[in-house]
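I have placed the structure first, in the form of structure tokens, so that the comments after it can refer back to it.
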Amino acid sequence: MTKEYETIINTITLPYRWALGPAWTRFFDGLKEEKIYGTRCRKCKKIFVPARSFCPDCFEDLDEWSDVSQEGTLRSWTLVKKSHYGQVRRPPYALGLIHLDGTDCDFIHFIGGIDLSDLKKVREKIKAGTRVKAVWNKEKNANIHDISYFKPLK
Amino acid sequence: MADEKPKEKPREMRAEVTVPYEMAVGSNWHRFFEGLKEEKILGTKCRKCNRIFVPPRSFCPRCFDDNEEWVEVGQEGRIETWCYSNLMFPGQTLKPPFVPVQVVLDGTDMGFQHRIAGFDLSDFEKVRALVKFGGRVRAVWNKEKKGTIFDIDYFELVT
Amino acid sequence: MRKMAIAQFAQSAGVESKENLMDFTYRISKEVLDKAGLKRSEVGCVVIASSDIFHSGLSCANAIDWDGAGAFMVEGTRAEDSMFAFIYACMRIMSGHFDTVLVTSIVKGSENPENDTLTGFFADPFYMRPLGINETTAAAMQMREYMQRCNITEEQCAKVVVKNLGNALFNPYAHVRKRVTVDDVLNSDVVSDPLKALECAPKSEGVASILLAAEDKAKKLTDKPVWVKGFGTSMDHFNLGDRDLLNGQLKIAAGRAYKMAGIRNPKKEIDVAEICEPYAFQELLWCEKLGLCGDGEGGKLIDSGVTQMHGASPVNPSGGVLAMNPYVSRGLYRLIESAMQISGSAGGHQVDKKVKTALAHGTHGFAGQCHSLVILEG
Amino acid sequence: MGKAVAIIGTGQTKHGRRNDVSYPELVREAVKAALEDAGLTPKDIEGVVSGTMPSMMEGISDTHLYFADAICEVGKPVLKVETCGSTGQSIAHCGFYWVASGAADIVLVVGSEKMFEGDGQATMSTVADPWFLKPFSAGAPGVFTMQAMEWMHRFNIPEDKAREAAALISLTNHDNALNNPFAHIKITMTIEDAKNAFIITYPVRLLDVCPTSDGACAVIFASEEKAKKICKKPAWIKGVGFRGEEYFLGESNKSIWPSATEAAKHAYEQAGIKNPLKELDVAEVYNPFTYQEMIFYECFGFCPRGEGPDYVLKGTFTMKGELPCDPSGGVLCTNPIGASGLIRLAEAALQVTGKAGARQIDGAKLALSHAMGGIDQFNGVTIVGADL
């Protein structure tokens, strides 16, 4: 107990098995083969990545698959410094909104391959407009971490 | 993350999620649990409808007024309803078989949730022969008190 | 449209309560009914706002919230957010089926893990969640984009904190009440660059309750009815990458509320705005989208001083969400502050000018995925 | 009173274990079906209401955010309403009041649950407080069984008779489900199977309880003006009601279940129904437990208190009976919780518009739909009719 008044610890632990559905299953299978798949809408012609089964704008089914570029331009990013319960990894780590070449939305992933310990230096190295490229994990499990991170080019 | 089905068929992703909470007992229930430590069952009384609440309420949900009067209620009562739990569900504290019961403690006006034990529960038919609606039960105290609902270990049948 | 008004309201102060969820709720809804001189059983219906965003450690929170909200055997329901609850309550009155609705919103932040842990559960389990997207990391990326595209400086964002926490000094219901300087903000720990600790809302607890009534009834329940003139909500795409983070749905939600309230020039007609700004820069961005200044002019707005408590267009005289962040309840807190400003009962945090029209805003989801607002009038 | 409101389209997924699709894909299936049924496109929708049971069921909170694209919410006014098991009725009521308020003419209401993604009973144990109820949790059946026992005792219903009636309800529902293309559990069974099935919480046996299902349901509500323009045969909302009791289940008499009784009464008053058994043509009662279904019959005035089993054994509630109940097979055969209450309404709407296919009750004009939630705490009722 950490409080000065009486409390009860109520820790909830629950098991889950989330169905990926066909589109995300294929997307993650693609990552295993070092491919990033998007799907294209026949109506609005936009390419969405990660691939999905329906267009978020037009509500149409998407079945046109596209192996999209693994390089892109950074639109925005953040360097996470603070820890919290259940965090995906220990800070510091960087996240970016990446516009992959040829697609019509932003892809989210870690930004890495650079020293993240000094915020000032990080701010000099990565900026909006920085070109980044996917770096693959050697060990692949058909999940989003099959891409290790996106690395700034140059 | 594990593959449940062969490639190309949609997969599932498995995970276990844990979220911790630390919840205030509140002054009202704090007093109830302190009472249990002294082997007393305390309730509160609504001055409007005169009903006595166990677990105690700081207010009456019907009259919507403060319950300020505390009373010690009987440690015996009658069985309002019960069931026989035969199957273990995840998230369950007690292991089946066990007998959840609503006891109307003497001097109170509503069912209080606890369990009946103190005899062999393994055979349902035997349990059914002993546990009756309206039957009398009595609180059996746990020697070790922790200020939880299990300070009352269980209710035993009064024969 | 059937006329309706906020007849009475009550809110808990931001200090941590040692009372349990149920008793804590009762005190506040009881206070509202007592003020109105209304019996619980005379209420037409009850709408509870409490959250399943794993807030409280109890599923189906309406089960335990029901009694304290006064809902025993009264027509009732629960919404996931307090702005939703209030808007739904308005609809119930407009439908003509009810004359009074008691809206009570409940959250006890002190019992929960961090905001970031909880808002992380908004994310899908496959993509955004394993990458650590939560409201803070999403807001941080939104902030950087805002700074870059609109030339907003970190100092301008920090000024929002200085203003709001300064206002909170006068608000006995606020949670964080301390005077800070721009330097304090800029030098506070980096949470998720460019967001700094003082720019992120705390985790608070708050039960707030509003009695909403149709015109005839309202006049009987209060001397100072605060009329509901309009409301609006709108929702954006789920995937952060599918959205323009600087041109979300707030403009559309506001358009709906303004149309309903007959507001043509919000900048002139809104006397005071209570805006949900869990991250400091969002106050500036949301002000733009609400039409309180031009697009891209959020920085100039804070520099000009007009949004100060005694400025021409005060924003967050209560101290806003930066000073008090009971997640689900924060919408009702904005509404109550707006109602206080209109009825002239805000005491130390009452703005100088005469307040006829006030705006209350709420948001939840990543980087403002969902926005709601309500227009109130004296 | 407010404007008249009608249902102009319904859609359901095939319910069951749906790990072939993700959660958003599942709800979109129901939305697409409802849009198609109403002959509308996403653009026509002016507002969206959604709800599930609790977030912990699927481990995703505030699913209205997650489903934004899948249920046509983007750029639209939205509301999220939830009341545990009764969510399906509560979101329907929200759609009703939204349209009745005049704030929108066409509102889409979506309920869903993907119970196979989590652990249903473990999640339900998180509804109970950690001080008093959770320590004695025996899953949902524990609570409902105690209620059934209390009811049998108070009305002196012999256990054998109740068991016989419960078994007949189980058989009726399972038979009915065979006629429902969306139903989850489709098995052929006998009375003896039900009576001798594995005991879960005595006297409740395996075939007395509902399954856990994945599924979604969408219903489109419209104002009188729009409904008459768009829809050849709308189902009109005749009455709605929702009530809840105290949190601690020992404080109310669950054998006469005040919330169920009053919710129905409220709805009957609006619909002008005085003798439900005679006036209603069909009912979709939320029936996760056979014994509980009989308590509902009594609360809804389908039969006198304590006579539920007699009426069941007379065949009153079978497909050919005086008041057929759950021609869909009910919750007993399909239970995606957050959708279940809305499915009841969708089924009732199909019945009064003559679109229920093999499970159609001939000439049905007035139908009751219902849902229950919480720890025996909440009940919601909606009455629909063929005529305005």
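The chains carry the letters A, B, C and D, assigned in the order they are written, with residues numbered from 1 in each.
The rule is simple: a contact is a pair of C-beta atoms (placed from the backbone, for glycine too) under 8 Å apart; a residue touches a chain by one contact, two chains touch by 3 or more.
All values reported here derive from a predicted model rather than from experimental measurement.
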item	value
Most heavily contacting chain pair (counted by C-beta pairs in contact)	C-D
Most distant chain from subunit B, judged by the mean position of its C-alpha atoms	A
Centre-to-centre distance between subunit D and subunit B (centres being mean Cα positions), rounded to whole Å	29
Chain centre separation (subunit C, subunit D; CA means) in Å	34
Whole-Å separation of chain centres (CA-atom averages), subunit A against subunit B	46
Multi-partner residues of subunit C (each touching 2 or more other chains)	18, 22, 54, 57, 66-67, 72-73, 111, 113, 117-118, 125-126, 237-239, 242
Multi-chain contact sites of subunit D, meaning residues that touch two or more partners	19-21, 56, 59, 69, 74, 117, 119, 122-124, 126, 130-131, 246-247
Multi-partner residues of subunit B (each touching 2 or more other chains)	4, 10, 12-13, 15, 17, 19-25, 29, 61-62, 90
Contact graph of the chains (line, ring, star, complete, other)	complete
Partner subunit D, residues of subunit B touching it in the complex	4, 10, 12, 15, 17, 23, 25, 29, 53, 55, 61-62, 80-87, 89-94, 96, 98, 100, 102, 104, 110-115, 124, 128, 133-134, 148-150
Touch list for subunit D against partner subunit A, complex	18-23, 25, 28, 42, 56, 58-59, 69-70, 72, 74, 114, 116-119, 122-123, 126, 130-131
Touching residues on subunit D, where the partner in the complex is subunit C	1-3, 24, 48, 53-57, 59-62, 64-69, 73-84, 90, 93-94, 97-98, 100-103, 123-124, 126-130, 241-247, 258-259, 262, 266, 373-375, 377-378
Touching residues on subunit A, where the partner in the complex is subunit C	3, 5-7, 10, 12, 16, 18, 20, 24, 28, 48-50, 56, 75-82, 84-89, 93, 95-97, 105-110, 119, 122-123, 128, 143-145
Touching residues (chain side subunit C, partner subunit A) in the complex	18, 54, 57, 111, 113-114, 116-117, 120, 125-133, 137, 140-142, 144-145, 148, 189-195, 197, 237-242, 245
